[in-house]
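Please read the structure below before turning to the comments.
Labels run A, B, C, D, E and F following the written order; every chain starts at residue 1.
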Amino acid sequence: MLCNPPVDIAAELLEGLKHVSTPTATALLMGRGFNHGYLTGIPPQALAPGQVMVGRARTLRFLPLREDLVKTQYASTADRPHRDAIESIEPGEILVIDACGCREAGVVGDMFTRRVLERGGAGIVIDGSVRDLSTIRTVGLPLFCLGQHGAGINRALMSADYQVPVKLANTAVVPGDVLLGDQDGVVVIPPTELAAIVTAGIEHEVQERFTRLKLAEGYALHQAYPPDEQLRPAYLTWRQTQPEFERFPFAFAEP
Amino acid sequence: MLCNPPVDIAAELLEGLKHVSTPTATALLMGRGFNHGYLTGIPPQALAPGQVMVGRARTLRFLPLREDLVKTQYASTADRPHRDAIESIEPGEILVIDACGCREAGVVGDMFTRRVLERGGAGIVIDGSVRDLSTIRTVGLPLFCLGQHGAGINRALMSADYQVPVKLANTAVVPGDVLLGDQDGVVVIPPTELAAIVTAGIEHEVQERFTRLKLAEGYALHQAYPPDEQLRPAYLTWRQTQPEFERFPFAFAEP
Amino acid sequence: MLCNPPVDIAAELLEGLKHVSTPTATALLMGRGFNHGYLTGIPPQALAPGQVMVGRARTLRFLPLREDLVKTQYASTADRPHRDAIESIEPGEILVIDACGCREAGVVGDMFTRRVLERGGAGIVIDGSVRDLSTIRTVGLPLFCLGQHGAGINRALMSADYQVPVKLANTAVVPGDVLLGDQDGVVVIPPTELAAIVTAGIEHEVQERFTRLKLAEGYALHQAYPPDEQLRPAYLTWRQTQPEFERFPFAFAEP
Amino acid sequence: MLCNPPVDIAAELLEGLKHVSTPTATALLMGRGFNHGYLTGIPPQALAPGQVMVGRARTLRFLPLREDLVKTQYASTADRPHRDAIESIEPGEILVIDACGCREAGVVGDMFTRRVLERGGAGIVIDGSVRDLSTIRTVGLPLFCLGQHGAGINRALMSADYQVPVKLANTAVVPGDVLLGDQDGVVVIPPTELAAIVTAGIEHEVQERFTRLKLAEGYALHQAYPPDEQLRPAYLTWRQTQPEFERFPFAFAEP
Amino acid sequence: MLCNPPVDIAAELLEGLKHVSTPTATALLMGRGFNHGYLTGIPPQALAPGQVMVGRARTLRFLPLREDLVKTQYASTADRPHRDAIESIEPGEILVIDACGCREAGVVGDMFTRRVLERGGAGIVIDGSVRDLSTIRTVGLPLFCLGQHGAGINRALMSADYQVPVKLANTAVVPGDVLLGDQDGVVVIPPTELAAIVTAGIEHEVQERFTRLKLAEGYALHQAYPPDEQLRPAYLTWRQTQPEFERFPFAFAEP
Amino acid sequence: MLCNPPVDIAAELLEGLKHVSTPTATALLMGRGFNHGYLTGIPPQALAPGQVMVGRARTLRFLPLREDLVKTQYASTADRPHRDAIESIEPGEILVIDACGCREAGVVGDMFTRRVLERGGAGIVIDGSVRDLSTIRTVGLPLFCLGQHGAGINRALMSADYQVPVKLANTAVVPGDVLLGDQDGVVVIPPTELAAIVTAGIEHEVQERFTRLKLAEGYALHQAYPPDEQLRPAYLTWRQTQPEFERFPFAFAEP
């Protein structure tokens, strides 16, 4: 089965990732040959101002319901993958749900959301819809999904399995992938790529901050974005004044 | 013609319905065999925080325009179903408009919206678009629709008739149906189902409130959602402290 | 309610219409201010080579099903609009069905199709799907629809009423409208427009035949399409050799 | 994991299923509570006149490609689920491919199709596209899919695993399901339902044949579809003249 | 090539246009025979409360990328139409981008947006997506587009040329067209129509203000919308009290 | 402006291209880094059995109509890009029309098609619809497009310019590009890539012919597709018996 190679992820990298925006991470992934990292069309639906979601994927897969299989599934309590997936969440994980892009039923409501939060989960991402969105927004857990519906799962779907590779938007998500989510969306980062993305990403954000200052001073795009040879020395000095320079020195190694 | 059986609706039931959320009503309808109550994809576009829409449907049907029929329709003032529908609205009714899912023209603007409010209407629901949405939001009447367009009706549509069965989203709406709308969407309730939905719905909301408390205390889903045998006695005591218990005693009859 | 003014239609006009193609009729309607005559996206699905469908519309309207109303409808045999519509078809009429553009169920199968043929119906046009398409193709009745599905009506729809204005594709169809269908699609002609369309249409077809000859001789578009001043005299002579000239003299009145 | 209970399937039933059309099987499944059997929007693309596809499902699942995983997959020959799935096909099986509804690449070409035929496969059904469709049509194996594309798998997809539950159209397909395909589409039958569908289906086809004769004699729908009390005795006699009566006696047990 | 006739536009007209809403301008254009002015489905994504966008179009056209042409384009700095278009913006112009309706990449980020603002641009309108939307919202420049994506241009597109006629939504935009944008959307006004739209539009807004007052007093639609013969004298007096009456006297010429 | 570098194209290459199928050309382009060659969703609508379309692109661009510009365009005969484009076609060219993917009007009918044939054109490809499709099929010119509509251009579109880069499906087409079309679709080949595609493509077709023989003998995919080390010598001998070996020796240079 498709899987990620085992990769240990330093807490520092996950912390650093919080200082990278999803557009920056997406662009850096593309520069490294990954064109499908960003989850097209899955916006933040519950996210506080400034809140950032970072964590590793625990996946869950739904299928269109079949009447006999649903009946069997609900007859025992032993095999309901959606509840099992939620009750197995480890601290720091993100529940990543392939709900077939379904807009005809909600697969998560405010109860499931609260339980994910209680178990230490870092967020929920769904290629599908939720119920109770207005209440979910009061829970405090980041949630990204297509939209909302009044009905529960069994109007259209049944859970099939969990911790298998799944599809969200037009992107494959494999258990253990790193996800980054903010106001600008969600991006999926293969664990083997994380160090490179964080290292380059932190400086990229600092440099864009510099470019903004220069654009405000009237510089043209070809001068300031990125800083050209004339501006670069000033940038190298200026970046040392930024908080990331001290906090994440590994991101500023090359001059 | 398809119609609802005549049903008297007690004011208390309509008042009680305001204490039920659309996801709860949708789920209860499904439990009673009605799978199409929720209007998929018709979100609130004008609704104050905490505002709830409850009322009975007065329907209006549009069709794609035909040039000769529009001309005839506008030549006399006697047969413009859209104006007639608005001017016939009774207090407490909701104007329910089948606009063919059209996103190429707006069928209501802030003037029509104001007039519905003035006549005592309780809201407007449209499978279509509106003009002047930013102004409509200042009127105070709940309005649910697909989106907005700058043009008026006659760019694409003509009114055909009113108080006939219509289609919104993928749901039939019959004159006299009860509609409930809140931040989580709109649900259509056959009048014969109203008592059952309100009775079960009020307690359901109270019970979910209890479940939230228990989840916050660390209970697992299979314990608290719904309360299992161990938690149920505590719940039965606790629910008596809730305001609905006194206000809507009929909803708490069974222990 | 929207309706056509009462118009007597001469049999000769319906006969003449069979000599006009749908693209020609569509273009002539546009020249007279009617932009929505052609049923976009409703192709012929059962039509023999050279077969043409001409007749007046008997309309039937479906809505998304509601479980209680369907149950009531099937409990009695008195109020099933779809069967009533079929059993009321008059010779020469076309059954025009607004099935909400539904692709999730079939509203007509080979039995209904046969019955329409037996009653003298001239065709069926559906904004929706059929069952048994491969068998329907053996019946001999022209049928235009979106596609096919294995399931019957009650998977998704219920009949609402008949002989009311309906919507197919993005076009209103009113009882009594004249429909023309061929390999190039279906066009809806208001009865008041029929004489003008047939008169201009027959000559238009003859003239296009002439233009084809001239293009084959190497003439440029601006010379032959339509015939310019130099070619027009030759055309006026040539058209007298065509069968329509004798059969429909009213179409060639002006020189 | 979701699976079918183990069910032995008599060869006679599979043979009998070839005498049932997909619309009939779909309707009978609905009557037994299964509303999603028919694969909406997956038409026959390679099927000879009169050819019928019957067999049990061997499933294969694709996901949107991820660049690193594809590279790993192609580096070894040990883990390419799509080739493994094909080379493991047993005689009489149908290759059922969840290709995510993708229209941006073809997942099967004429080579894969030939190999399925050589291994004794009974057909291919894809929620996705194929390459080489014009050549596939010369192979002789029934194939149902969305459409065609010039590019191969790796333009958009990668194979993930096989013999797991998958999704086609809006239907779950589980390994071992029985599929029936003809000119009218494909229907998925849970193995536990097969006997009931075949038994009722064979007689249903015979009875429809009778109804067609009666409609041709001028009977109305309520008389002949199905045969009413007056026509039923004649039907019971007539059905004995039909070839299925002798060949599948179990289908005509009740009078 | 399609172009607007040269038209001088008085600053007073552009100023007056700020007092007309997009629905009013759309309706007035329709009354003058222009049915495609409003950009259907391109909402404001960055716009302060009360902010209005008015200016003339500088167009930019993207195409789906072709790998060799992109490589050539990025090899030199001489021919990147998107940067050239931005660096050529004149004060008061609006950057109008045909991005093929693409939702798979962002064509503008906060850097480009800042540069447009710095050059005196009045806004950006895109039939496509942006990156960094949350940051763009802090820049202060009005921006209308379909949505957001994490990736930059080269995931899907390449710039082709600028200052040519382009397509946004279902509307042609020609260099020099006047655009008006507010919370209710964007409308494109041919320069030759501007005077008529502004003149009629200002009074139309004033009159709607009057109608609102009368509806609040209980008048029916046919009395107050627009003011009928009885109300009209009162309106003519009242309008003189409104600020526009003095500021834009040309709009109130006829009594 | 985006353009192809000037490339002379040998007649032998165009002739050779007729022996390559569109799926083969698409795959070879992908192997060389071009992922968007195939025109997704633009099938052959008029193509005789065995007919192949090869030629260089003459492009034409439509935009949504604007009422004043259309009026101006039709007032003079000097600036109608669509007629000019057709009347400027050189022998062997293919008319490649960007019609905005429009399904609401036809941009070519049988008259335009005939004229293209008369001028020596090799085919027509449209991201849009045609009129008179049933008649176009009798003309003999290959035509690929989305579908059909009864109305002419001016229901929705106006021609903007020609011989500029355009968009069809999700592919850029530049004047002078080489197009190959057959029953399996259309592929766009940059002129600089033609020699490589033809050289590799001819042998690829021959090799697939060999693979088919071996699959029919029972070889597995990993043996015969492509021929493995054991089969390759036999293939190298066999290919010499094929007609292409003698006719296009340049395609078989390497052993």
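Here are some notes:
The criterion applied here is as follows: contacts are C-beta pairs under 8 Å (C-beta built on N, C-alpha and C of every residue); 3 or more make two chains touch, one makes a residue touch a chain.
Quick caveat: nothing in here was measured; it's all calculated off a predicted structure.
The set of chains in contact with subunit D as well as subunit F comprises C. Overlaying subunit B onto subunit C using CA atoms gives a rotation of 180 degrees, to the nearest 5. Under half of the residue numbers at the subunit C-subunit F interface are used by both copies of the sequence.
Work out the mean CA point of subunit E and of subunit F, and you get 38 Å between them. Averaged Cα coordinates give subunit A a centre that lies 52 Å from the centre of subunit C. Contacts with at least two other chains are made by residues 35 of subunit C.
Arrangement of the chains shown, judged by which pairs touch: an irregular graph that fits none of the line, ring, star or complete shapes. Contacting chain pairs in the structure are A-B, A-D, A-E, B-C, B-E, C-D, C-F, D-F, E-F. Residues 21-23, 25-27, 30, 35, 37-38, 40-41, 43, 182-185, 187, 208, 211-212, 215-216, 218, 220-222, 225 of subunit B are the ones that touch subunit A when the two sit in their complex. Across the interface of their complex, subunit B is touched by residues 77, 83, 86-87, 103-104, 106, 109-112, 114-115, 118, 131-135, 147-152, 154-155 of subunit A. Only residues 1-2, 33-36, 63-69, 73, 100, 158, 160-161, 164-167, 170-172, 174, 190, 192 of subunit A touch subunit D when the two sit together in their complex.
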